[in-house]
Amino acid sequence: MPRRFVTDLGHQENIDQIFLASQKQLRPNRNGNLYLQVDLADRTGSISARMWNAQEADYRSFEDGDLVHVEGATQIYQGGLQLIATSICKARPDEVNLADFMSLTPADIDRLALRLSELLRSMQDLPLRNLAECFLTDDAFMERLAKSPAGIKNHHAYPGGLLEHVVNLMEVADSVAGHYPILNRDLLLMGVFLHDMGKVEELSSEHGFAYTDAGQLLGHVILAISMLDAKLAQAEELAGEPLPEETVLRLKHMIVSHHGEYEFGSPKLPMTLEAIALHQLDNLDAKLHNFQQLMRDDANMDSPWTQYHQNLGRKLFKGRVEAERVGGQK
Amino acid sequence: MPRRFVTDLGHQENIDQIFLASQKQLRPNRNGNLYLQVDLADRTGSISARMWNAQEADYRSFEDGDLVHVEGATQIYQGGLQLIATSICKARPDEVNLADFMSLTPADIDRLALRLSELLRSMQDLPLRNLAECFLTDDAFMERLAKSPAGIKNHHAYPGGLLEHVVNLMEVADSVAGHYPILNRDLLLMGVFLHDMGKVEELSSEHGFAYTDAGQLLGHVILAISMLDAKLAQAEELAGEPLPEETVLRLKHMIVSHHGEYEFGSPKLPMTLEAIALHQLDNLDAKLHNFQQLMRDDANMDSPWTQYHQNLGRKLFKGRVEAERVGGQK
Amino acid sequence: MPRRFVTDLGHQENIDQIFLASQKQLRPNRNGNLYLQVDLADRTGSISARMWNAQEADYRSFEDGDLVHVEGATQIYQGGLQLIATSICKARPDEVNLADFMSLTPADIDRLALRLSELLRSMQDLPLRNLAECFLTDDAFMERLAKSPAGIKNHHAYPGGLLEHVVNLMEVADSVAGHYPILNRDLLLMGVFLHDMGKVEELSSEHGFAYTDAGQLLGHVILAISMLDAKLAQAEELAGEPLPEETVLRLKHMIVSHHGEYEFGSPKLPMTLEAIALHQLDNLDAKLHNFQQLMRDDANMDSPWTQYHQNLGRKLFKGRVEAERVGGQK
Amino acid sequence: MPRRFVTDLGHQENIDQIFLASQKQLRPNRNGNLYLQVDLADRTGSISARMWNAQEADYRSFEDGDLVHVEGATQIYQGGLQLIATSICKARPDEVNLADFMSLTPADIDRLALRLSELLRSMQDLPLRNLAECFLTDDAFMERLAKSPAGIKNHHAYPGGLLEHVVNLMEVADSVAGHYPILNRDLLLMGVFLHDMGKVEELSSEHGFAYTDAGQLLGHVILAISMLDAKLAQAEELAGEPLPEETVLRLKHMIVSHHGEYEFGSPKLPMTLEAIALHQLDNLDAKLHNFQQLMRDDANMDSPWTQYHQNLGRKLFKGRVEAERVGGQK
Amino acid sequence: MPRRFVTDLGHQENIDQIFLASQKQLRPNRNGNLYLQVDLADRTGSISARMWNAQEADYRSFEDGDLVHVEGATQIYQGGLQLIATSICKARPDEVNLADFMSLTPADIDRLALRLSELLRSMQDLPLRNLAECFLTDDAFMERLAKSPAGIKNHHAYPGGLLEHVVNLMEVADSVAGHYPILNRDLLLMGVFLHDMGKVEELSSEHGFAYTDAGQLLGHVILAISMLDAKLAQAEELAGEPLPEETVLRLKHMIVSHHGEYEFGSPKLPMTLEAIALHQLDNLDAKLHNFQQLMRDDANMDSPWTQYHQNLGRKLFKGRVEAERVGGQK
Amino acid sequence: MPRRFVTDLGHQENIDQIFLASQKQLRPNRNGNLYLQVDLADRTGSISARMWNAQEADYRSFEDGDLVHVEGATQIYQGGLQLIATSICKARPDEVNLADFMSLTPADIDRLALRLSELLRSMQDLPLRNLAECFLTDDAFMERLAKSPAGIKNHHAYPGGLLEHVVNLMEVADSVAGHYPILNRDLLLMGVFLHDMGKVEELSSEHGFAYTDAGQLLGHVILAISMLDAKLAQAEELAGEPLPEETVLRLKHMIVSHHGEYEFGSPKLPMTLEAIALHQLDNLDAKLHNFQQLMRDDANMDSPWTQYHQNLGRKLFKGRVEAERVGGQK
């Protein structure tokens, strides 16, 4: 039977397949009986599952981050889909198709890494290119980058998500820079590359994604500065001279100001052209991914409107007519 | 003698050339003597001028919007450059080189109008293309558009500025849409075209730019809705059927929500993908133009920093080293 | 047995009477059993009802907007009253007393419509009176107005509610204008009449009240402008000349600015005396209705205090002593 | 020669008449020469005056609060009118027409005081009427009330202004209460009477109006509570029993919450119907007076628009056409 | 068996001991069966308890504020600990150890009262010392003070809590004043003593703690002013002359401004050195107690992080390593 | 003649003494004549000076940061004191008494440095003491620290100001920690020491104080992290093992969160007890210094009130009566 992906699941489907487990918890209900709650994911999304009358042994039988074989059925509960499991146990290697659990295949990741190096090596500024080289040739770094998500939840929350986010944003920045000649393309590209690098240390990707202590207490902006300091020292050794002081300040400033507003924890506001462009493009990208995801995952299946989103202060309009009615490529 | 453009003027230069006058005022100084104050512009910018010991006759000798011959000298006053005029009189046609006073030449405007029609006619959605045709073939409208500025002050505050802003933003939107397949390119292009159309009625371009009463009391968002209503009626006549209802709602919603936040007078928040993209791209464009202009016009000529801008809450960094030190194309 | 109205219901009352149904949903509980949830209303208010162990057939047996016969009992749940139904079925016409479900009787509505025309015809300004006539003699419009609620929830959320809100506010505006001679009474009356007209298209009153797509995407402010444009064209035809331009701008400005603050989605702030008066009086009316309703519907029956209302940031004081203790007419 | 009132003065008028002086200052100009600056008022408004090359003796020749004879001429300076005085000296009693300096004549004040007692004695609630009597029969209090302004600047900033504000607002409250039967008219009237009473101690009316130390450090809300406490003790003595506890709390709450929002220094938000009504009506009254005054005093005499008011975030529209064009009574 | 204090309780402990009951409620569950919900406290904290299938008789068998004997067991529910009771009945005097229910023993309270009088009597300013004496020798006041909590919830929510808060803050103020000679120690000490005095009337300590009507409608700031007024009259009688006017204003200003910001309902902002110091020290104390309590009571027992606290906008870091690893005295 | 210090200067004093020059500018007045503007300081404060009819040569005759001999006279201008200079020339070494220009004498600075080392060496935690030692024994660092101000303007804006601020705050923190045993004194002391260290690189102290480019673009929070990283590497070398990871995170977190609120550019909110204490104490110290300075420097010499301070939203009360009237030690 072909896999039913999470985003395709509907109400009252029988389930008998493999998922990636995370956030498992053993909890008593109001009558004091225990149940097991766990998030089950594949590469398309995740669903919350409950197994009633669970035992401590059920809880101990697998770990967060394991692939598990689940039997049960879906149901809609409080406007969202959940899965009532009758059995959850660790999957045997032979039942697993790894491609089901990776948003990005190893080939995707290789392609992205290749495109990253092409874009960085296309910079005309020599000191920046040398600095980029120090990152590209650091295998340990590139490996961690390839595994990092770009966030805990929502868009790009899968291994390689950070790489994908960075490469896509570099492509957009490259196009946009073509329309605004006042922008220094090299600085902008390098800034896009660096702006979220601290997430490699902010987020842990072992046994599901989570914030590290350093991530919570310091944040990826501060962490990226220390990472960049280390690479700058390397680049200086490599080139026999340090990067120009102003170039370094401009790069660090892009990292430090990319959240754009004090209220989002930005220690500085953008004060250079490339810094403001980086902030605005990052914002555009985040908004488009966020809207798309809320529309796609919305539980109001029959309605042209999503539910009300408190943090956005609005509902979103998914549309009434077939997409092809308006315009061609949607 | 070749013209000295406003943006090239420095401290204590002698002036003997033509400017475009606006905002003239006859004012008493603290000793009760009258002086004439007037803004003098060419296509590169404007400078405030004062003529001491002026008479009512001096004040009556020209109108706002006239080209005037000015003699005098520049000086720095309170951190900005001003011009102390010894003579201001209406220019003779033969001393005027019109190209000095137009940011956009007639040829530029023709080119922009042509590019506008190319972009609009490249839409694949037939009803949208029909609607666009109603605008493109309305000569009176196209003529007013070609004269309209995109604002009273700052970037695009010159005849054709609105057309230039709209065409440039359509180009950027077109590139960006290529990186986000979820965006409906046709809707986005048409939305960019329409979003600021109300400025044709919000701003008056007679005798210098100013807000009309309707502009102040209603604003360009409301005015654009009435303009679009009229064209939709025409398009229905043309096509024999109205535009699809949802298409109309999506277009109007883009107009109504393009300021993006309630605090900027947006009656609605963006609720569709194209509406959020329009808002974000308009914002990126405005920020880049604003930063560029503040850096270029800054009076702190020796400093790598602009003065502090209250409304931005920051200084901007113009840079210490030659631009060519960092990157190639700046 | 005389009807028990919703606002009179207490804990653990047996129910066997007719209600107006809306918002019906068939939902699984956490054990996967289905239950039916529906809002039941009469003219005094509404109560949420649940029928356990419901079937698809129960769900299909009536529609939102139907009058249904309900059996069951009330209980307090999480601080509010709910109804546990044992049976819900479509009511027979002969069991229904329509007056129980209309806050306003047809006679009330006729009286309000009559008062509306009296007030509008008492204006001394001829162009305004002509414009008013175009609305008053438009039977289709007057019929829709008579059916429209003034909101989805809370006060005036019943057919005729919009008419009632508008007429009441016109009465208050008329009195207040008497104390402030600087106010132009005619403009103020006409502005009150028009300010919420867009709700006729913003809210749908079929099968319960809901926002239309146009209502969500554009809002009643924008919709009212298009409605007024149409009537202005009619009035011009009628009178042989258009309304004075400034009168039109002042009317539109009152519509456009009546929410008073950008944060409430007002595209413009009030800039005329009548616009600020309209905003303030609308606000007073809304606050008084809101406070009254929260006090009347409060579930803390024994307490002199209502529960805490997050959006108001406070509890309200219903009072300890009998109302007649303080003052006479309460 | 009949008096030219301040609001009638234009550019370059010769002045030779009496004014009320306040805020006098002796200041050096940038060359170290001294000049005298002083505000000159009559009952219609005030104008800033300067006398160049003044001596210490000029400064000492009159006091703030004196009526002075001024010679000089007006001029527009930085968008506002000022008066350049050539002579300022204390006026002789025989040149003064006191009516020119009082917005309210003694007869006006008597009429207002009479209307105040009528309104308070029309309350049906006996304890409230007794309490009111304690204020009305306190001659010292009534005398201070008759002299108090309702503010330092702007509307009602003249002796009797507080009385006028309170009586007018009681009239409006009385009308509005007629349209909202849920409001307790007696409580509302008494609350309106008390809400600003603390201004009698917050503002000093000797030698021009100013805040007292107690006014600055405590504010009129706190001061009114102490004043009411004293009168409540008197009323208890008079009646042989205290006012009902809840009535007292409701009155104090109206005082304490009448600013309506924390950001305006309100220690509590309105929690009763009469408290919210008081806040809203006080607000309506303040806004109408403020708009009217800004339109009347605006220096842009030829423009239909006032200048931009930073604190309101807008310009106001004074109008283009004659008032009689629109409506009758304006 | 020694008592298990609330803060020591874990998951699934059997309970058979005495608690202080408050907030009892009889509620139906979704099946219409009744259960009893009640908060159970000892001096270390409180826990929510439920008794399933309760009767009206169970509900009536004890009152809020009673000490009750409870049998049952604990369980974790929705991230917090709750107690499922099988029996709740009024405790016999002989089973009660009062010290278990008082955060402060009578001896503690005596010690605090003694320290209060030492600190107040150490003031060098005679009028302030006289005023303090009026409070210290008012036995009724001192008794109420000794019983008052400093809040309804959280820190110092127990009899004597207000006294403890005030004395502790006086100690801190005393130390800090030593480092800032510009601070007037006497004024600061007296201000700390008075700032929260209104809580004696704002909070009722009968049958559990709750806001009084006066507390809700007026607040402790307003109430303290009336209390101080009474004592000032006494002090005047005692000393034969009133306190210096400025001293009184400074004291009242400290009360009136101690919340520091308008948004926290402060009618005035601190305008004197002692007022700003009082606000800042009160804030420091509140923040430290709040953080400490959230860390101590956090339900995430295994995690170095507390749960996310919406009102603080953050999680708190409890720490991973043993406290003694870092520094000595923790 | 003994020096007249800046804070002692009054209106119309003759001046003939040495000052520290900064911010010199040559500016044209409105008539095109040049004048020299410069700030003149001694250790008590600074005053703005103008020399009319200055020449380029006057401007070139000294540098910012030079000690200059000034002749002229003071005058009050626009509410503040200014100095009209008739002569400004570089001072001869023999006319200078260096102590007049240093808020802190070398002896003061030595005493502060000694106290710093005592406090740091009193920490019981060995790793923290080792880290402190790396700073204390770094002569170059200690020398820069001894020269750094704590800000550009206002309190502590003099060489050694940073050292003074840090030592004073450590003393306060030490006292306060004694009253809150839950605080880890060592962490808090070390955090206070480190929190503003980045100012050594944020502010330049050559030729007057100014922000460095790195200071503007990155800020002292980011700069301190890099400085601490370097010292942590040294401490690891010294001790043979790194500091415990959690200790490092806690220290960095204190630096990163010490501004306390996002709106002040804090990238993280305080999440530990010591971080919240540091923020609150730093705030208390800043507020007290700020209030004291505004009261001391206020130009309204005769008034008990300072002028209105826009950024504080209030006036401050300096007081009417002699300080000794209230309390003893003021």
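Should a chain be cited, it is by its letter among A, B, C, D, E and F, assigned in written order, with residues numbered from 1 in that chain.
Note that contacts are C-beta pairs under 8 Å (C-beta built on N, C-alpha and C of every residue); 3 or more make two chains touch, one makes a residue touch a chain.
As the structure is a computational prediction, the values presented were derived from the model and not from experiment.
J.: Among the remaining chains, which ones contact both chain A and chain D?
T.: Common contact partners of chain A and chain D, which must touch each of the two, are B, C, E, F.
J.: If we look at chain B and chain E, which chains touch each of them?
T.: Both-contact set = A, C, D, F.
J.: I need the pair from D-E, B-F or A-F whose contacts repeat those of B-D. Over half of the residue-number contact pairs should coincide.
T.: From the options D-E, B-F or A-F, the copy of B-D is B-F.
J.: Between A-F and A-E, flag the pair that has more C-beta pairs in contact.
T.: A-F
J.: Measure off the straight-line distance from the CA centroid of chain A to the CA centroid of chain C, and report it in whole Å.
T.: Roughly 45 Å, centre to centre.
J.: Measuring centre to centre with CA averages, how many angstrom lie between chain C and chain D?
T.: That gives a centre separation of 39 Å.
J.: Could you list which residues of chain C touch at least two other chains?
T.: Expected reply: 213, 216-217, 246, 250, 253, 271, 315, 317, 320.
J.: What pairs of chains are touching here?
T.: Per the contact definition above, the touching pairs are A-B, A-C, A-E, A-F, B-C, B-D, B-F, C-D, C-E, D-E, D-F, E-F.
J.: Please give the residue numbers of chain C that touch chain E in the complex, ascending.
T.: It comes out as residues 50, 52, 73, 75-77, 84, 304-305, 315, 317, 320.
J.: Quick one: which bits of chain F touch chain E in the complex? Just the residue numbers, please.
T.: For this pair, the touching residues of chain F are 123-125, 128, 168, 171-172, 175-176, 178-187, 244, 246-247, 250, 253, 269, 271-273, 276-277, 280-281, 283-284, 287-288, 291-292, 295, 312-317, 319-321, 323, 325-330.
J.: List the residues on chain D that touch chain E in their complex, please.
T.: The contact residues of chain D facing chain E are 213-214, 216-219, 221-222, 225-226, 229, 246, 249-250, 252-253, 256, 262-268, 271.
J.: Quick check on the complex: what are the chain C residues that touch chain A?
T.: 27-30, 32, 213, 216-217
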